[in-house]
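Alright, structures below, take your time with them.
Two complexes are shown next, each including subunit A; its partner changes from subunit B in the first to subunit C in the second.
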Partner chain A sequence: MKQKAWTKFLRFYLPLGLFLLFLLFPFYWMFATTFKSDAELYNLKLNPFLIHHWSLVNLKHLFYQTPFLRWLWNTFFVAITSTLISLSTSLLAAYGIQRIRFKGSSMMGIGIFFCYLVPPTILFIPLATMVFKLHLWDSLWALSLIYPTFLIPFCTWLLMGYFNSIPKELEECAMMDGASRMWIFWRVIIPLSLPGILSAGIFAFTLSWNEYLYALTFISTSLKKTVSVGLVTELVRGDIYHWGPLMAGALFGSVPVALVYSFFVEYYVAGITGALKE
Partner chain B sequence: MAEVALHHVGKKYGDVQAVEDFTLTIQHGEFMVFVGPSGCGKTTTLRMIAGLEEITSGEILIDGRKVNHLPPKDRDIAMVFQNYALYPHMTVFDNMAFGLKLKKMPRDEIEQRVRQTAGMLGILDFLKRKPRELSGGQRQRVALGRAIVRTPKVYLFDEPLSNLDAKLRVQMRLELKKLHEKMNTTSIYVTHDQIEAMTMGDRIVVMKDGRIQQVGHPLEIYMHPRNRFVAGFIGSPTMNFIEGARIEKENGALFSVTKGMKLPIPKTHFEALAPYAGREIVLGVRPEDLSEGDDPNAPGAVKAYVEVVQPVGNQIYIDVKVGDRNLLAAISPQSAVKVKEEILLKARLENLHFFDPESEKALV
Partner chain C sequence: MGEKEKREERGLSRRDFIKKSAVGLAGAGLATLSMDSLFQWNPALAANVSPPKFKLEKNPVINVLRWSGFVKSDEEVWNANTKKWEKETGGKVITEYLSWEDVRSKAAMEASVGAGHDIVLGWYDDPHLYPDKLVDVSDVATYLGKKYGGWYPVCEVYGKLYGTNKWIALPIGSAGICINYRVSWVKEVGYEKLPSDIEGFIKCCKKLKAKGHPTGFALGHAVGDANTWTHWWLWSFGGKAVEKDGKTIAINSKETIQALDAVRELYETMIEGVASWLDPHNNKAFLSGLISVTSNGNSIFYASRKRFPEINKDLMTMNFPVGPVGHPAELSMISQAFIFKHTQVPNAAKHYLTFMFEKPQYGKWESETWGYITQTLKDYYSLPAWKKDPRITPYRECVKRMLWNGYAGPLGPASAAAMSEYVIVDMFADVCVGGKSPKKAAADAEKKLRKFYH
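Right, the complex of A and B next:
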């Protein structure tokens, strides 16, 4: 018995603990740096893992000397709009490809997947031309419209997998009862796919929230920046890193995402594993 | 009520012929069962009648109206699926009312119809529950109720009982049959279980490899299978086939002879079997046509050596060796038969079956 507990510790809790430490340490570092003054931060004689004198000076800097709240709002706006656009498009695409089975549907599915594989570092130059011609340069709408280019393929694939787990007979039965495709889609498929839709939504939201390259390329006005770009461009001046406010910004920038995740974690797991409770 | 007619219906998936030249007329109010091993095309045929599969050739008529290209909703049929296909996010009431709401039926009428049907099926207490809160049998009833409440012209059942446990299956079989007697609606029922087919069908269609093998009343198929496949598929335990049995002529009488067994052939079969004299055929004997005998000289007496004894209650199945072959016999439960002993069996000669070894067709 005793040996069993030991092996469980060695095989399960120890690796899990190490993994957690590895994963959570950056967050702790972010937190600790946020509440230290510069004097403490650069004092090499103090233990860097502890906070000796709590200080709010970095938060003051972040909230009063940079438009951080504005950046938060911008990021939120872009993340929400691009998520909504992507979800509504991918829902229809995934359903069409998975269930209507028209000629070339599987090829289309694969094609959409390939779109996801093209790296943004290649795409941002042609996209920049398009954004310019659409007069969306330096506008948040540019991001709202560009993000779906990688969100739609991703969400479509996730939802295709989820739709696949819904028994076909449900639709066939509804069809025999006299329901049209759209009726079935709204009344049967959407309600049953809520976990899948939610997890696709969470993914889309986080991906847009954290996006950096397009936001850096298409936005130049300080007040229109998103959190990820704003922090790096406004709090790193030349070779001077304002570590305190930077970490404070990173901490407050990651809070909404963490909240979204923890709120929907159950749906999220069900969505990824495609589990449908009958 | 409606008559369903299929004329030379075929279905091809690429190069695979799933159903071929299927011609059948199902009468008003008839309970027709399609039975066959998996992959025989029975479900495909049902789905073609439902309109869930396009047909490749032939035509389907419901009440004289050609429905080949009619969408499922316009065929006025209801289907009960194997996995019930209940909408998990709706209550039992909403599941049953789904089709009626789509028909834009007045609310009071929907309520009244659903309650009436639910009462008939004994699920009145569950109307507010979701499907996941119900047992398998209850879900099955809801699925039935959803079909019944619409009062369609034709019911289609796709192996509706196969997800239930054995005891419940027997009970639901009975209830389904009673329901059919009451409503008298044309029904087509697909199953791979030959007992279900025998007990429920007014008529049975036995299928194999996309083709109809035989159509007829259950007992007619049991008594007079048209070929070796049907003979082996219908009846449980399955028929014994003795390959290489010879038809021999002696003093104007015919016998089927194999090692350790010489069975006289009844006179009624002489005409059909005379041309096979001196040739090998396949002899078929149902286990229940082999009983314990007492006179070793009586016609149809066979000496056998008992290898396995399996009592099932109302009968005892014994696996015996006759010559160099193993046969199964279903004998009376009163028998004192023991393993590794000799036993005298008696074959019911008028129930012997004879098949052509090449075409496998029944010879009598």
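Right, the complex of A and C next:
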């Protein structure tokens, strides 16, 4: 019995513990740096893993000397709008490709996935031309409309896989009862695909939240910046990094994403692993 | 003020110039300089120089992209000066501050798209990457040069389109780099101050290391710190990346090998981990009391004034020591203001930049940034700001003592690529940390440079 417990510890708890340590350490480091003063941060005689004198000075700097809350709101707005646009488009695209089976649909599915593989650094110049021509430069809508260019391909691909796991017979039954294609889509497919939709949504939300290149390129005004760009602009000054406020910003900037994950983690796992049991 | 002192302030006497020319300091870029522009200073004339007339567009709005202030006061004074211009002209200026590395990519994108900001304060050879997209600012540059004692030679190389007299950018200032060191530790090893020649400098650094006070110079891909000190070291031994024709690769030379041999000695005095150092690391190490000597802008001085008073009391700065080549040969980060052709308000943009360069504005900017920005116009050498603290005084020499990246070739895509690929930095790191022989490292650097220069 004792040996069994040891085996479980060695095979399960120890690797899990090490994995958690590896995963959570950056968050702990952000937390610890947030509550240290500069004097403590630069005093290398002290144990860097502990907080010796708690200080709120970095939080004060972040919340009172930078428009951090505004950046948070901007990021939230962009993440939500781009996620909604991407999801609604991807749902229709994935359903069309997977179920209607028109000529060339499978090639289109592959093509959409290949779009996801094009690096943003190649796309940002042509996209910039479009943004300028549409007079969207320095507008949050530029990001809301640009992010779906990389979100839609992945979400479509993910949802195609998910739709594939839903038995066709369910739709055929509904059709025999006189349901239209749209009715089936709305009343049968969507409810059954909820885990897949949620995982695609979480994925889209997270990528939009963390995006840097397009946010840097298309937004100019400080009050319109997102968290990822705002923090770097305001708190990295030449070779002086304001580590305390930077870490505080990173910590508070990652809270919304962590919350989203914690609420929907089960759906997310089900969505990624594909499955609806037949 | 004596004639000698005046000459010193202007930075380049006729005799100095002849001397420097003889050793090839000016190289290819100086070939584009006219003697008139070098010696055009005339106090009587300066008083009467009239500014170029710019008919401002109606209700002009100028969008400016520039780097975030390295020191807080930079942005404050810049914004106050901008407000002053707005009040005088009725125009409006919208300034976007970005981290200094991001400015370059954003400006390049705007140049490519043909839309975006009107004025950019970029870095190094940015304007030479897209010269056809930029407004000719020769009128502004000529006026400022005449009024304020002329531009330093290296500024002409940076500001003018290669091989022409056309100014495509106005070098607005340099984030000068100097040696920063701990006075008490240097005294502890028997020196009053750090030696100003490389041989003596290495000896002193060895003694410091022996006493437990290592030095620290970035050997990672640090845009500012690593590029500047490695170029200084290479040039100080007479090495260079390319000949002035911009085609003949010159890196694999006996001077380079000599520089790499010597740097191994310096590396032995360094603290562990410099191979991964980026720009903030030497600041942190110095302020934490881990290293005795490093090269940096005045951010260590500025940060230590209030936050680390003990370090500040023991801090001294000096210009880079001179190597076997016998004259200063340094690299500092230089910022250039340029105007895109896609602007709707070219006249207002020129007027605004002229205004920002004028003494009431520029002088205040220099003063409040505590020497973070080294002047590019010779007259500003004598601003009282440089005497505010002896630790900032050496920074006023930086532009006077510097060469340009890609020396002795022209500025352009090749020099920019060589720098962004860290060819010189990696060559030094290969020898110090990577265990390569100087010959092999120089040969490898030559191969890399061939990709860019042809």
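Heads up, the rule we're going with is that the second predicted complex is superposed on the first by the 267 of 278 C-alpha atoms of A that agree within 3 Å, B and C clash if a C-alpha of one lies under 4 Å from a C-alpha of the other, contacts with A are read in each partner's own complex, and residues count from 1 in each chain.
The rule we apply is simple: a residue touches a chain if its C-beta (ideal position, glycine included) is under 8 Å from a C-beta of that chain, and two chains touch if they have at least 3 such contacts.
Being a predicted model, the structure only gives us computed values, none of them experimental.
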### Query
Clash or fit: subunit B and subunit C on subunit A?
fit
### Query
Which partner does A:K4 reach: the first (subunit B), the second (subunit C), both, or neither?
neither
### Summary
In the superposed arrangement the C-alpha centres of subunit B and subunit C open, at the centre of subunit A, an angle in degrees to the nearest 10 of 150
### Query
Which partner, once the models are overlaid, touches more of subunit A's residues, subunit C or subunit B?
C
### Query
Touching A:R101, do we find subunit B (first), subunit C (second), both, or neither?
neither
### Task
Check whether A:C173 is in contact with subunit B, with subunit C, with both or with neither, and answer first, second, both or neither.
first
### Task
Tell me which partner A:V188 touches in the superposition: subunit B (first), subunit C (second), both or neither.
first
### Message
So in the superposed three-chain picture, is A:Y42 touching just subunit B, just subunit C, both, or none of them (first/second/both/neither)?
### Response
second
### Summary
Across the superposed arrangement, the tightest C-alpha approach of subunit B to subunit C, in Å, is 50
### Task
Spell out the part of subunit B that touches subunit A in their complex, as residue ranges.
50-52, 71-73, 75, 77-79, 81-83, 85-89, 98-99, 102-103, 131-132, 146, 150
### Query
Taking the complex as given, what residues does subunit C use to touch subunit A?
63, 65, 67-72, 94, 96-100, 102, 105-106, 109-110, 112-113, 115-117, 175, 224-225, 279-280, 282-284, 287-290, 296-297, 299, 303, 307-308
### Query
Can you list the residues on subunit A that touch subunit B in the complex?
167, 169-170, 172-179, 183, 188, 191-192, 276-278
#### Entry: subunit A to subunit C touching residues, read off their complex
38-39, 42-44, 124-125, 128-129, 132, 137, 216-217, 220-222, 232-234, 236-241
